[in-house]
């Protein structure tokens, strides 16, 4: 029930074209419809500059194409499909030729939102421990970028060669929000957490072998970080980290 | 090596009282000393309005008393000892009679920092699923408060009686940062994450029995949250959540 | 907002004592309040004959006493406090002398609801594998009884002496809902599940040692039951099983 | 030994054509044969309107075809092969051309039982949290349908967008038995459990990544549900949930 | 129904004092009663020389006393209560003064069966890796002894000082059945399994710390033994190992 | 050093062609060489009628062929290659045309040992819970057979249809050693363990899905069996069970 | 900042071409740049005779070729690419024809360092329990060899046939560092640890099935070794073991 | 059989007082006895300067006293009882008054070996991440010291305040062997491993809470260390680390 419809209802009641009973009943019945309406409305306002997101994994190329195209025509923001394969992209391109595919990040996207102004004074910094963590990092970086942030990245600066990390100390000190991405022992999150006073989002990756147990070692390591200000998202969840970093980075 | 010492070194070299070789050597050797100096200095500035924190668990009452007293006399900020027992407090009170003990939060604290101005426009909201989660929540709440934030709380609004949660919808919409604390199945984090566009810090608690495995069920549930913008800290880590919430809440 | 209040609002609007804008706003704002109202109302009707339940674990004796007493005076149904210690009971008795304590089931209860008529044609049967499972079984049995069911029980009929189980075959065939409670290897659920066409609720218990891992062995065993119609609740969750059995048993 | 055979034995003994010893021996030897007989007989009566079920996984297409055909010719109820691949179906169709294959539910079935009358007053409702849970849900839905129930379904109403779930509140209130299917954090079971007084069967799915551990996160979440009346079946066990829902739904 | 009762039934039927219908009904109803009867009877014969066993854990001292006394008066075999505390013993002694308590094995027993003849040509050998494994070993040893076997033992011959083990090579070669008891890494089972052609029963113990996880390390090690002829019982299950060793040792 | 060499050494010493010192040194140095010799010798005698075994997994077809052929020419016992693929067999057949491949048991074997006399009075019985457990069961059955035992088998008699199991009660009562093979919840081991006084070897299989965790559920279930006389081997270890059953069955 | 640059700075300051403030600032800013410099320098010296290592897994053949070629032209030490597939090798050979590929160890290497002198008095001994452990062992062996050590190896001497191990006792006694590689139950590490006073590096392998859990059983076994002087590296980490063995072996 | 006995045997044989057959038999039988003899002898020589060690946990105070006293009188080296309580010490002091108890390290020891010369050029460095790790560190430090090493220690230099660690860089560069002790996320091992070219022994501790799982997080972290040259011992195993460090440090 839109506001217009409520007004109409009130007027009908006032005019006597519907009974009191019916009016009461309609009002009692709307809450959940209302809530949804409110929700959407509320979102509409907030979403200024936020991309629409499609989770491609488990969807057919044709399904992704259709949703992508529908969002393409019904919104003016950026578009973004995560965990997408090249087959998904081939289909999307049929209907949205200007869509781009990033193979590393496994994302199809459209970077078109002209309302976005990336604020260089509020940087998000993405760090990885190794080169194998880069796909997850690129997912996070591209997500944060499409959500309208100024993003920088330093890859392959794991703690076993700590001088490599320290070469990036100025970037660390400058960042407003940090995303630390690491597999194996995940120690980078703790070290970075000790070098900044800003929030650190840790992303364990499934990189490693043997007793890394597909990211469990890094996950536990990050949850137990002795550094203050570190929180953790799911294993390999680059998108989640990028989106959360954006939420935090836009707080004023 | 303080700045004064560097100046002294340069002047000695200029005056010829030390050789070029010795001057080079001393400069090469200082980096880590320097870094520490820089760190402390840097921290001093940033820590305006931040409390000093003592982790009391595993320390004797006398140790906690002495550290507390030392911080009491050498700083002017708030003081805060976490995971403290009443025995710790009895000792602390000997030297700092105005210290307060919060039995639920298991914290000894001193709320004295007059520089703090809590900003009501940037609220941190603490939510719990059940009454058994309250000790962890109070640890988070008191931490965030002593770090200089305006904090509100809604306890016992688990998802099985979801109307109780919805009664707090205005508070949820108003909050700038949310801390969701839950044991058992930890579903509250996902529901709250879907009702706000602000960052949500999820704290699994060891509340529950049987297959809750001392918080593992809630931890996994929260890591897998289908809501965007949820990150997780360690089981029962109320202090960590409160401190991180403060870091995020103070970003401008 | 009660129905009366909605009517009042409509009439005020019709009478012109509130503006259209205000009426719309009030209607938009009510959903969640409404939902809560609806919920409570709905529950009131459904709860005819259902006991009020208090989870005593983690509450002080005084807290349990006060909640128990409040429910005692404000309702006319049965009352029931689970996971209660004798200390809880001593306090409850101060205010509700006719309350009873069942040490085995660890429950304080009041069996006073005169509206209940237990239907012998719809029996709930509680079975245990061993004598050590009896506390959990008694929690289930007493719960189902206080919820208004006719309950029978056969204890200590584990599968290693299967003739003991078969002596109870008539009771198994007669039951409308079965609750099977077992620790160790939890095999009883599968065997019973194969002997009845009625729903079986399996409760793993933490009985056992070594590689039973406090009920995990039984839990996994029951989840993997090869018998059709078996579902599982949490380890040692006698109350949950009894309440669910009651829900199922009352379907018509 | 059928009843007729027992009578014959008694008469032979009475007539003296067999000795007392032989008669005793035959009676002592029958129990297990008897039990089987009783079992089968008992089942025959109960199974009115129940489909015959084949578990196809691990069987060759030819084996499934032969069993399917045998049941086809020897019974008049519905037939149903679960976890079936298209190859199984191709073979089955050779002998039972009217068999149908549902690719999503991975089931081959024959919906022919004319004795079934689906009772709309006793609905089973299938809910899923996401679109990826649909295959498990379809397995449950089709199973419950072929077992003779009236089944409705609401897919993709996870808790992160809770208004989507609430749009289905009338369906939830109407259902007699609910099956909640969710991967990731599995929170939907608790929320739904709090919105109904009817039994809820929770099915964790292996949907998710990282720390979902192929359904373990959802499984633990559901076992620890704070809502009363929720029980759990094995991960991805749509068939088991559908069959159990049918058992419960047919209780009167 | 005993044989005598069946005969009586047949004769009554023949005499016409019961109808054919009643006779048939009685015969159809007996199976499970019969099975139990058969079972007991069968056991009686087999149990010549086997002790009666009580699992004392979880039973009160008075309960153990009463069961022990009842078995004492109704059988003539050995008696044995496992996992018994001294309090259990004090009570048992009230009624059976000649009962003995073995504190290490935590067993109360009565070694009185004069029919037992221990066969030295069929030895059971109990080996432990360390001295901390001795309580479990004594439980196994005393069990096997009371079950009527000739038992020898070599304690503290772990693989890290393999010469200590090899000093017992003659005993290993002579044994008919071997029980190997070890915590920590449990390697002894594999080494002994390679030195004998007789069956080896491996018992992991909860001895160890850190990553021994209360016996899990030893359990996994033993299950994966590369030696042929090793099987495993539950962690710390000395009684089970002793009883199984006896079963195997008595095969001829 | 062979016996002949020791004699030669003694004679040389006696003859004075080597010194006392040298003789002592040689004797001190031999132990490990000796041990190996002794071992082999000892085994030769014991292995009368035992097959030679090759573990084919991880070996190339050519390697298996060569080892098989070597054993074929150097022994006269049965030969047996486990975990073998058809490719292994194709190669083996090149050199040993009379070798047989059993696809279900994944074994290549040669059944040629004429010294074997299978003793029908000492039967090994192999039972499985379901049809999917048959490959593991056939590995056990064929192993026990080739080791010289009389083996019978009853497949697909899981506990959910317990009358199917009881139809085999005579076979169970007759067996000297029982091997119970089950996946899913593994309950069959406990039920069978309660029906026999003979040793039961339980083999968990990786059959099942979801929370069966590739055999862990069955493994834990079997380790926690409440029946006396059950021990467990590794998941899917049909060979190990068959070989151990043979060891036990040949004890006299 | 190189040493030359520091000297230049000092001289500029002395000459007055930069102010004291600027000089202080530059010195304060260098630490991390310095550290990196120091690190590299320090390494250059230490790395005399150490190979350059590339982790090939997750890199494309072209990437490995380019890094390999770059190291080939810029250093004179040995080169070594681990976890390399043949495709990697084909590419490397394009630019470095003398590179060698070891299929078992999955390593591409160049053995060209003429400064290396392998010291036979300091042997590294590699032992494996079975033949399936050989790939990991060869990775360790080749690594230790290319790092400049004298390496010997004894494969397939698991503890179940302990005489095979004892045949290598002289080699064990002679070794300066031992690497023990085993899957399944990993018992070899403890036995070898008891036979030497030198450090033992244990490498669990993922060899095994069922409850070996891809190396977890061996890992736990080795961590719990009762032998003094055993430490553990990650599952299947042959390279890590070889490199650590080299580090230890080169200590003087 | 001692050397004297072998000589006696040879002489008897030469003298004809025993037959050739008997002599051969005796020689064949000695190997294991011999091995033990050789072992002890071998150890005697190696153990010069090594302490005798008693594992006190699980032994009574009187047992520890007696073993300690026996070693005190029969050797001249250092003595050391690990995991000892003060009660153990009180008893030991009765017979060895000069024994010392270190409450932090939980060790009773006697530092009397005058043959030991600690070599300052070969330092062992013990590092801990936090103050709670100190008991494990002291166990390692005291062990290494009593084994005759020169040991230094830096406690509380976890990676979250990395400047604290870098203040100890000179000590790290100087050490010959490093022991890194950390709980929680265990990241210190990787960072230190990257700062030295010497072997690093990592000891996870059970320090931490929630998802540290009593040391498992640190254990996994250390096993997955990205730094070359790190190996791991059991959780809290300070003694093992100290003893292994000594073994490595004494290699020349």
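We just call them A, B, C, D, E, F, G and H in the order they show up, numbering each chain from 1.
The rule is simple: contacts are C-beta pairs under 8 Å (C-beta built on N, C-alpha and C of every residue); 3 or more make two chains touch, one makes a residue touch a chain.
Everything numeric in this text was worked out from a predicted model, so none of it was measured.
Chemist: Spelling it out: a chain qualifies if it touches subunit D and also touches subunit E; which chains qualify?
Modeler: C, F
Chemist: Where among D-E, A-H or B-G does the C-F interface show up again, with more than half of the contact pairs the same?
Modeler: More than half of the contact pairs of C-F reappear in A-H.
Chemist: Please decide if copies subunit A and subunit C contact each other with the same set of residue positions, more than half shared, or with different positions, and reply same or different.
Modeler: same
Chemist: More contacting C-beta pairs: G-H or F-G?
Modeler: Per the contact counts, G-H leads.
Chemist: Let me check something: if the centre of a chain is the mean of its CA atoms, which chain is farthest from subunit A?
Modeler: Farthest chain from subunit A, going by C-alpha centroids: E.
Chemist: Can you check how far apart subunit F and subunit H are, centre to centre, with Cα atoms defining each centre and the answer in Å?
Modeler: Centres of subunit F and subunit H (C-alpha means) sit 41 Å apart.
Chemist: What's the distance between the Cα centroids of subunit C and subunit D, rounded to whole Å?
Modeler: That gives a centre separation of 25 Å.
Chemist: How many Å are there between the centre of subunit B and the centre of subunit D, using C-alpha atoms for each centre?
Modeler: Roughly 51 Å separates the two chain centres.
Chemist: Identify all positions of subunit G at which a residue touches two or more other chains, and write them in rising order.
Modeler: Answer for subunit G, listing residues that touch two or more other chains: 32, 35, 161, 210-212, 216, 219, 223-224, 228, 234-235.
Chemist: Strictly by the criterion at the top, what is the full list of touching chain pairs?
Modeler: Chain-chain contacts present: A-B, A-C, A-D, A-G, A-H, B-C, B-D, B-G, B-H, C-D, C-E, C-F, D-E, D-F, E-F, E-G, E-H, F-G, F-H, G-H.
Chemist: So in the complex, which bits of subunit B are touching subunit H?
Modeler: 31-33, 35-36, 39, 58-59, 204, 206, 215-216, 219, 234-237
Chemist: Where on subunit F is subunit E touching in the complex?
Modeler: Counting only subunit F, the residues touching subunit E are 42-43, 46, 173, 176-177, 197-199, 201, 219, 223-224, 228-235, 240, 243-244, 247-249, 251-252.
Chemist: Quick one: in the complex, what on subunit E touches subunit H?
Modeler: Touch residues, subunit E against subunit H: 131-132, 161, 163-164, 166-167, 169, 207, 209-212.
Chemist: Over in the complex, which subunit G residues touch subunit B? Could you list them?
Modeler: Those residues of subunit G that touch subunit B are 3, 6-7, 10-11, 13-14, 20, 23-24, 27-28, 30-32, 34-35, 38.
Chemist: List the residues on subunit E that touch subunit G in their complex, please.
Modeler: Listed in rising order, the residues of subunit E that touch subunit G are 129-130, 158-162, 184-187, 189-191, 193-195, 208, 210-213, 216-218, 220-228.
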